[in-house]
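Following: one structure in structure tokens, then a few remarks.
Order of writing sets the chain letters: A, B, C and D. Residues in each chain are counted from 1.
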Amino acid sequence: MKLNIEDISGDSLQNSNIELVERKGLGHPDSICDGLAESVSRALSKEYKERFGKVLHHNTDEVQLVAGSSEPRVEGGELIEPIYVLLTGRATKEFQEEKIPVDQIALDAAKNYIDSNFDKLSSEHFEFESRIGETSTDLKTVFSQEVPKSNDTSFGVGHAPLTPTEKCVKKVEETLREEISEVGEDIKVMGLRKDGKLQVTVAAATISSRIASLEHYFETKEKIKEKTESIIRNISSLEPEVHVNTADKEDEDSIYLTVTGTSAEMGDDGSVGRGNRVNGLITPYRSMSLEAASGKNPVIHIGKIYNLLAQDIAETIYEETGSFAQVKLLSQIGKPLDEPQSVEVETGTDRKTVEEIVDRKLESIQEVTEKCLRGEISTF
Amino acid sequence: MKLNIEDISGDSLQNSNIELVERKGLGHPDSICDGLAESVSRALSKEYKERFGKVLHHNTDEVQLVAGSSEPRVEGGELIEPIYVLLTGRATKEFQEEKIPVDQIALDAAKNYIDSNFDKLSSEHFEFESRIGETSTDLKTVFSQEVPKSNDTSFGVGHAPLTPTEKCVKKVEETLREEISEVGEDIKVMGLRKDGKLQVTVAAATISSRIASLEHYFETKEKIKEKTESIIRNISSLEPEVHVNTADKEDEDSIYLTVTGTSAEMGDDGSVGRGNRVNGLITPYRSMSLEAASGKNPVIHIGKIYNLLAQDIAETIYEETGSFAQVKLLSQIGKPLDEPQSVEVETGTDRKTVEEIVDRKLESIQEVTEKCLRGEISTF
Amino acid sequence: MKLNIEDISGDSLQNSNIELVERKGLGHPDSICDGLAESVSRALSKEYKERFGKVLHHNTDEVQLVAGSSEPRVEGGELIEPIYVLLTGRATKEFQEEKIPVDQIALDAAKNYIDSNFDKLSSEHFEFESRIGETSTDLKTVFSQEVPKSNDTSFGVGHAPLTPTEKCVKKVEETLREEISEVGEDIKVMGLRKDGKLQVTVAAATISSRIASLEHYFETKEKIKEKTESIIRNISSLEPEVHVNTADKEDEDSIYLTVTGTSAEMGDDGSVGRGNRVNGLITPYRSMSLEAASGKNPVIHIGKIYNLLAQDIAETIYEETGSFAQVKLLSQIGKPLDEPQSVEVETGTDRKTVEEIVDRKLESIQEVTEKCLRGEISTF
Amino acid sequence: MKLNIEDISGDSLQNSNIELVERKGLGHPDSICDGLAESVSRALSKEYKERFGKVLHHNTDEVQLVAGSSEPRVEGGELIEPIYVLLTGRATKEFQEEKIPVDQIALDAAKNYIDSNFDKLSSEHFEFESRIGETSTDLKTVFSQEVPKSNDTSFGVGHAPLTPTEKCVKKVEETLREEISEVGEDIKVMGLRKDGKLQVTVAAATISSRIASLEHYFETKEKIKEKTESIIRNISSLEPEVHVNTADKEDEDSIYLTVTGTSAEMGDDGSVGRGNRVNGLITPYRSMSLEAASGKNPVIHIGKIYNLLAQDIAETIYEETGSFAQVKLLSQIGKPLDEPQSVEVETGTDRKTVEEIVDRKLESIQEVTEKCLRGEISTF
């Protein structure tokens, strides 16, 4: 393993004139797919462990959501056509002459994920179909080895701490979702920092049964705006400029009303890996991995593990030293996961500390897996 | 519009110690989905123009491919289960009281795309299903305006010229696909430049009916390796280190044989937007857009247009001045497409030239659309 | 209307040498489809009445069940792949500018039907998909008329009382289902009367979790045999000859074990209209209608209504006079439902009584509809 | 085997006052499903024979057609949404360690069936999906036996010659389909004989591109009426009363126009076994089998074989003796197919001739299978 440490004074993005950050909230159709994919992987992993003592091969990182149709109305409305979700990917369906009810487990996990994480959106609004295929045999052999080996060059990246813009975008989504009851889980937040100003665009699906009138809707938008401004002022020194539901017009038919609190009910399809990266953000001005982490096997999928691990190393450096850190991990073909080809760290702290942290994290690389299995780590 | 020009001496990535570049070839399951999505959008656009004189609203950027299963054998083999493809997204299904056979057009376009672009893979190997929904009305109103306006902050990025590593990765995929008849269209190329060496990992699906024996297979791998080394030596000064089909073992069951020349026949699912960016590459060490350009409406989708336009501007600067350029475009909410909020250019050339080129390209922004409609521009 | 009365001394089938009667029990895959189709129609009818005061046009008599797969084991086992059910047919999806969530209603009704009528089989074992289409407009216009008119020649037939063989077959299915807890809802009973003997073949799915051993299974078969013989002796003077699960062999893998109590879990597909007629039986030695009554619109579908009405008239004649009656109804093109082209009655009772009953029943023809809507009448 | 011969002077239905006969033409949605099911079975049988020398177990008698939608217009129109067809049933997917591409064969056979048998309707108008499952193992063991054995009581029935009404109904459908170019393959013919009159109701889908005007449409209806009357007069002594497309109104929107010549393009779903019996007719005044013969395994499925064989025996008796014959076959549990439990023949000819014919036909029972495999026999 080669550890390259580049000594930097801080996060260079902070000094740039422009920064663009996006977060697709929990109920965005792409995030719903990420959440479903990860919950299916977690349920399969649990089942495999219970039956066989270890997590068998699977990657359930392919989910396609096809929007339904709805007729939201102030104070009510209803879903007209259900949301269709195709669960796919690959999993081990037979092991040691025992069949595993993969599709049944996936369907149960998907329904349970929706019912546990959403307020108005329910598994009853969905048609779920599972077409999870059988994995190819040669990948399964990987399981016989002690520590899984790479057969490809994979890449993971992470950084800490978040910039003020990144923090704001994340915080705005979380806060609006939790604190404004008229708002559903589908909140997209786009933050553009330019010349010391933070322009934030919020697209927030409101819940029609909780909107008493057109007037109430516009009051809710004002509430969203004020809350967003207040968050920005609280956690940054940036001057807020907030836009809410910019496609609205003045009549009931063209405001952002939904029955279920998500645009998946009408018109917005979704799939895995097109939304947030493992840090919960889309940051096009930074180095990003295109890896779709959600739904990947948490034991052997290098892309998933390296992204989560790079993030973990960066956060640990920051927590223990106070220095900004950006970490990139590259796998080595034919070598075990805990022997990356290179680890690049950009940080302001000393080499020794970095080495110690990187070594410690690589030694306990299986903790990333464990956290995934216990659902303690978010992949989107 | 604000034009920020940062004067740089060249592509900073060139000076970095590590560079990672990937290309998923034409027949990679994710690329198949990108190609299908774009071909459906193109067919719909054509139909709309013929019927109504303009391109109506649609985004067909959601395609899910579920792998089939196959039994490849040296000198033969066959497909056992067909590949399933779900075409989805949204399109205008009725306009001026005329219904448009959207699903039928999509199915025809998809079959035609496969039959026109692949050698052994045929539309007969697929089950196509179309669940393209109806677009929401308020988006359609956009069409009444002269130049479409943004209702969101969108981002596009492009650069030119490609680095030697990027050139190599692209060239290797194209050359192997065209020149080695034993190889199918599903070739994934990963390039890692480090310390002056270019490590290239090729995963190339071979066509079982053209592989006469296990020996022939290993000869083909050797041919791939030599061809790849020769390309790298020809177009760069980097020292090649080439790995081909690294998951292979020594028996017929665990080599990379396929009946159709793509892994979509067995075990590898795919979807839109998880593969190459509009320049045909995945470049995690660079600023990237997560936009899934393939299948998006080429007339009004800002994300698609700005990515293609940023690429076009960068290429034009490079062609006309010889300077490297990286271009970022940001849209302005409520403003027409040809009035971006900011244009950032990193280049070594003078401001006046850049201004002239940017102005010229913005004035003729509809050329991007025209090229998409004529299929003269690739989105993946 | 022309009433033809043929004076007969009794049911001629009684005197024939051979009689063949079959009943597919509640949990037979074809019956599951009949039940689902009818429950969807009933739920839609209820919704239409609540919203618009009358039952709008629909026919949901098309349901395809694709069996899952399972691994039943003595004392346990599990479902491996879910049962897939496609709900289809046509329904009014928009009326007076109000959209009706037809697919959502259908899915809810289907899940509810399974959960209310089966013991071990649950809606969780299913993947339901609804592809119910929009009805054609010209059929809707029918609703503007006072009494619906026929635009086709339709036919209904019924008889009462059942022969001893028919009674036995029906009673055996009901009794085994209710009284033997080891047996699921999927019981097919075939009765062949020949030379004074009643040969009954029972195919009864047992519930694996309630079968403690192979021995217990064969004891259960013996119990089924004895119970069946006892029923036959109780309600007929025929000599029983009973065969149970004739495809069994002596090992666990080839006995009729199921996890859910129905063969739909593995290997047996089903669809509407291929099972029992409206009297709950298949009687190939009698005049039968091929009409798939389940799921048809109970207000205007002549085939459904005439079969139920013919049955009702026959039963009423028998109840009020004690005479056997077989009734055939034929619709008249362009005439209201209550003006059939002909009513043929074979019975031993006098013309006046028959006329009075037929008139009375035709006058209150809407009672058939009402009973369907309240679920008081079985269609299979 | 017990041969019961009932001596009758002729077909008793001839003497009855009322006779009702229906034929669903080749392009009726139910018949399309029958045709697809049988073509899939034939293709699989062929493949099995080529690979293994015998027909392996399968039953592909489950097909669900979901209508598309269309916009027919005088002189043109188009299909708006494709017709969806789900192919299902069970088949042997692996035998002697060789996998058989069952779904692929089924899809190819289905497309080929449509393209070979229809004029305007093409496989391009369809979305085909195959979900054919794996057969259960214990049924496969049947193949080890010399002559397949029954494990159930099955029933087949046939008669010859057809009555004049039956002949007319069949002839009308065939003639209209072949001789009137404006008419598609979807022709439903209902014949009701009463008091010496034959009331025939024809529902014939016309092909919109061949209908030049509303006037032309009504001329076509007149042509259909005249042709039907002429057929009836030619082959019977019955007085014709013909109704054509009785649901028509006087405007273009409510006449029976179709783009493809079948109502499957819009609004009429279909499935297997709900249409014609193996003699091509639905005859509710006669003994009928509910068996869905189309798609059933032609080697071992008793229901299919006995219906075809009963028909064959009846026809042979009639051809060789000139006497009407109705034949019923009943299988015997545990006995080979060629040893039925009983053969009942109603005919006017002598016992010896009947015995000889029945014996001859049972001895060559495999000819029924061979004819199915060669496609020389129709099942609907």
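Quick notes
Here, contacts are C-beta pairs under 8 Å (C-beta built on N, C-alpha and C of every residue); 3 or more make two chains touch, one makes a residue touch a chain.
Please read these numbers as outputs of a predicted model, since none were measured by experiment.
The chains that touch chain B as well as chain D do not exist here; no chain meets both. Distance from the chain A centre to the chain C centre is 50 Å, each centre being the mean of its Cα atoms. Between chain A and chain D, the centres computed from C-alpha atoms are 55 Å apart. Work out the mean CA point of chain C and of chain D, and you get 24 Å between them. Multi-chain contact residues, meaning those touching two or more other chains, occur in chain B at positions 84. Screening every pair of chains for touch gives A-B, A-C, B-D, C-D. Residues of chain C that touch chain D in their complex: 4, 17-18, 20, 62, 64, 66-67, 69, 84, 86, 88-90, 131, 133-139, 151-153, 155, 157, 190, 192, 194, 199, 201, 203, 243, 246-247, 249, 253-254, 266-267, 269-275, 282, 284-290, 292, 328, 330, 333-334, 341-342, 344.
Interface residues of chain C facing chain A in the complex, by the touch rule stated above, are 71, 78-82, 84, 93, 99-101, 103-104, 107-108, 124-125, 127-130.
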